[in-house]
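Chains: A, B, C and D, in written order; residue numbering restarts at 1 for each.
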Amino acid sequence: MDEFDIERVADPDLDEPVLIEGLPGVGHVGKLAAEHLLEEFDADLVARLYSEHFPPQVTIEEGRSQLACVEFHAIPEVDLLVLTGDHQAQDNAGHYRLTDRILDIAEDHGVGRAFALGGVPTGELIEEYNVIAAASDADLKEELEPMVEFREDEPAGGIVGVSGLLLGLGERRGIPTACLMGETSGYLVDPKSARAVLEVLQDIVDFEVGYDSLEDRAEEMEEVVKKIQEMEQGAAPSDDDLRYIG
Amino acid sequence: MDEFDIERVADPDLDEPVLIEGLPGVGHVGKLAAEHLLEEFDADLVARLYSEHFPPQVTIEEGRSQLACVEFHAIPEVDLLVLTGDHQAQDNAGHYRLTDRILDIAEDHGVGRAFALGGVPTGELIEEYNVIAAASDADLKEELEPMVEFREDEPAGGIVGVSGLLLGLGERRGIPTACLMGETSGYLVDPKSARAVLEVLQDIVDFEVGYDSLEDRAEEMEEVVKKIQEMEQGAAPSDDDLRYIG
Amino acid sequence: MDEFDIERVADPDLDEPVLIEGLPGVGHVGKLAAEHLLEEFDADLVARLYSEHFPPQVTIEEGRSQLACVEFHAIPEVDLLVLTGDHQAQDNAGHYRLTDRILDIAEDHGVGRAFALGGVPTGELIEEYNVIAAASDADLKEELEPMVEFREDEPAGGIVGVSGLLLGLGERRGIPTACLMGETSGYLVDPKSARAVLEVLQDIVDFEVGYDSLEDRAEEMEEVVKKIQEMEQGAAPSDDDLRYIG
Amino acid sequence: MDEFDIERVADPDLDEPVLIEGLPGVGHVGKLAAEHLLEEFDADLVARLYSEHFPPQVTIEEGRSQLACVEFHAIPEVDLLVLTGDHQAQDNAGHYRLTDRILDIAEDHGVGRAFALGGVPTGELIEEYNVIAAASDADLKEELEPMVEFREDEPAGGIVGVSGLLLGLGERRGIPTACLMGETSGYLVDPKSARAVLEVLQDIVDFEVGYDSLEDRAEEMEEVVKKIQEMEQGAAPSDDDLRYIG
């Protein structure tokens, strides 16, 4: 295998698609949101991207191995190219190079603009799920301003990993890119924050999607939170109750 | 030295051998199993593979140095190519590249399929030594199912290192590969788990091997466990009693 | 993006400029000093240097992203080329390669000599702000001796990062380079130490600059120190009071 | 600068020299021993080897900077090429590549055999300073056996870093290489262990050298040990008394 290895699975019927990125991160917000799109629409696996910058690992499902990768799915119905996966690069240069390969593939499919989805940690349980944004260029920012909040100095620590570099390297290639970040406590997988991000995204990109399955996961998470609170007050839950935490 | 350096020692008399990998890992199960094959059969050293991804180290035996490497031995009697050694790669990309070189050498010798041997930690002392499996493709899985157990979501953390990548990169080259993992506590070198793995392997690959020397090591380990238990109850063993732990 | 990517913004009107480096380090002394020059003079952004050796990160200001980089500004009025930024390289080889690229750019602009600005930690609050120096060659040392103090064995641990390598790699290219290090406690951002460094630098390079804004920042820091001392004695300041610490 | 950069300072008058390596390590035994040779004989600086695998650092002496490097000195009187320095490589591959460059330079000067000098930690204060050896090939081992002790399984952890790789990579190039390791506590710089190593080396290589200056340093170290022992019994020494520890 080379440093990167692309396995092309299908030639999708896309026009000038929008790239949606949802890799693991704070509260798994971006990952949950992107995977929700794959569940709700007819999505076709387009390509897998392997790399020696991913962990040296296979995952096992029903006895079959799958080499660490990220996956691109096409949703022709709403002209989206969706990037998901279980891994980020494991080293500094790897983040840069992985993002460059992702943008290569995006450009191969005629991507005109991109949205990185993620969470921004607040450190406390969320009542109202705000979404904040950052954009790689002034035009895109102006276009998005009616639909999503831009704050003066947030996120204070910048944006790290593939999401951040999609903005940074996307800008250098002339691909307008924005990051939509749902507020989340940072302690738990957060389907409600994922829904908030998708509600902003569907206004921007103009599609409609249902949220029943995310609501189900959100209710399961609320059960988990309740169990944890009980646990703190002395009751001991079974292992099974905790299965949705991470 | 280049990134990798192959020292070819002999040209083995193999037909379409099966590659058996047993490098250090949980309970040293894979390493013990592979080394047991080298002891029980007439095995010839075929090649050493050196790499700057191994620790910068020589081992010393009777005053002579040996540069860090992994070794390939041939067992012509049962058409096996056996990979053993004391080291894994020390960095992320190194795992990928090392496994690629291993597969290059395997292909040079006409390897048609491969088995990675290892242990899977249970966290408690084992009564019954189960072996679980994972396969790189559906046909191999189907073929193995009568002989070894596949579980839905195990091992939960996937398979890491050379064993995992043999499946992942083997699949990408079209070499059917399986990993056989003996359950083991994870706390001690475990010759019994190695025997359990070999008993599955000999059914699959069709060879016969005795287990006397592994049984001897297992008994020594049981002595060690007994000493540790006594130690926990207050008795102080001599250093010498502990020599077989790691 | 390649390992390094230079974005040339303007072609500055410089003659044989002096390179001034002020990247993050002890007490942010070098960074404060270099940024003060950019504030006090008419400075033009000349180039941005991006690298996969920087953190995989964008900073966000008013909703717009900026990929991690270091920046070169020209100050034609006093013939200076000033290097500033928020990042150092993240890995060992990266420090060497980044410094080499910086020197490439410096040579492209005809730089004849260079000064690295920084702080040297004393571990205690400073009364009198001394500046110590180190030079890459004997002639420069001799020239600087009337203007700045050279000590026999200081700094004891040498000079690490871009500042150190500007001396080491500058010497190998024949660019006389010196490092000016302001004593600083090492615990706080230290505008007074930055001023002390600039006062030495302006004698050496022959320019004049006001210090009002640095004095303002120094007073703010003194307020912070006072708050901390009160805090240690039991009073609880608001979060806002601490905003200038790092 | 490239990955490695050789600065040739002089063309030495050597015949078929022996390479002596003494870089930092356990008890600084190898470094002390090699530097003692440079002090006692007329030694000429032959070359400096720079590398991005060394720390990104300059050392400062009397206000002048010196980029991190290792140095080769020639001692024509006894036909030795001596490698000393303050640094080891900072990464895994760097150890391999650095040792390869060192062997390149050694071969350029016609080196026929090499000795790596070092310490082996015992964990307790030493009464009798034994020296143990390891050799890269059987002939050299046989030749050395009358002069130095080879033990069955020591050092148990092998030999790490440049010293170990000189054996491992030296063997692969056909340069007979041995490592001489003086027993040392591992807690302190140990001039007595360095002397023990040199006494073995001078028999093997056939030269004569005085030990007065090493004895002086040994006495200073004994003073330090005494101070520490007193300190443990309650007396507080001045900082100055501890200057020779590291």
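Quick notes
Simple rule for what comes next: a residue touches a chain if its C-beta (ideal position, glycine included) is under 8 Å from a C-beta of that chain, and two chains touch if they have at least 3 such contacts.
Just so we're clear, the structure is a prediction, and the values are computed from it rather than from any experiment.
Touch-path distance (fewest steps) from chain B to chain C is 2. Common neighbours of chain A and chain C under the contact rule above are absent.
Chain centre most remote from that of chain A: D (centre = mean of CA atoms). Rounded to a multiple of 5, the Cα-based rotation taking chain B onto chain D is 90 degrees. Chain C and chain D touch with mostly distinct residues; of the residue numbers seen at this interface, under half occur in both copies. Chain geometry summary: the mean Cα position of chain A and that of chain B are 38 Å apart. Chain A and chain D have Cα centroids lying 53 Å from one another. Across the assembly, chain A contributes no residue in contact with two or more other chains. Viewed as a network of touching protein chains, the structure reduces to one closed ring of chains, two contacts apiece.
Contacting chain pairs in the structure are A-B, A-C, B-D, C-D.
Per the touch definition, chain B reaches chain D in the complex via residues 1, 3, 5, 7, 50, 52-68, 90-91, 94. For chain A in complex with chain C, the touching residues are 89, 92-93, 95-97, 99-100, 133-138, 141, 150-155, 158-162, 164-165, 167-169, 171-172, 179.
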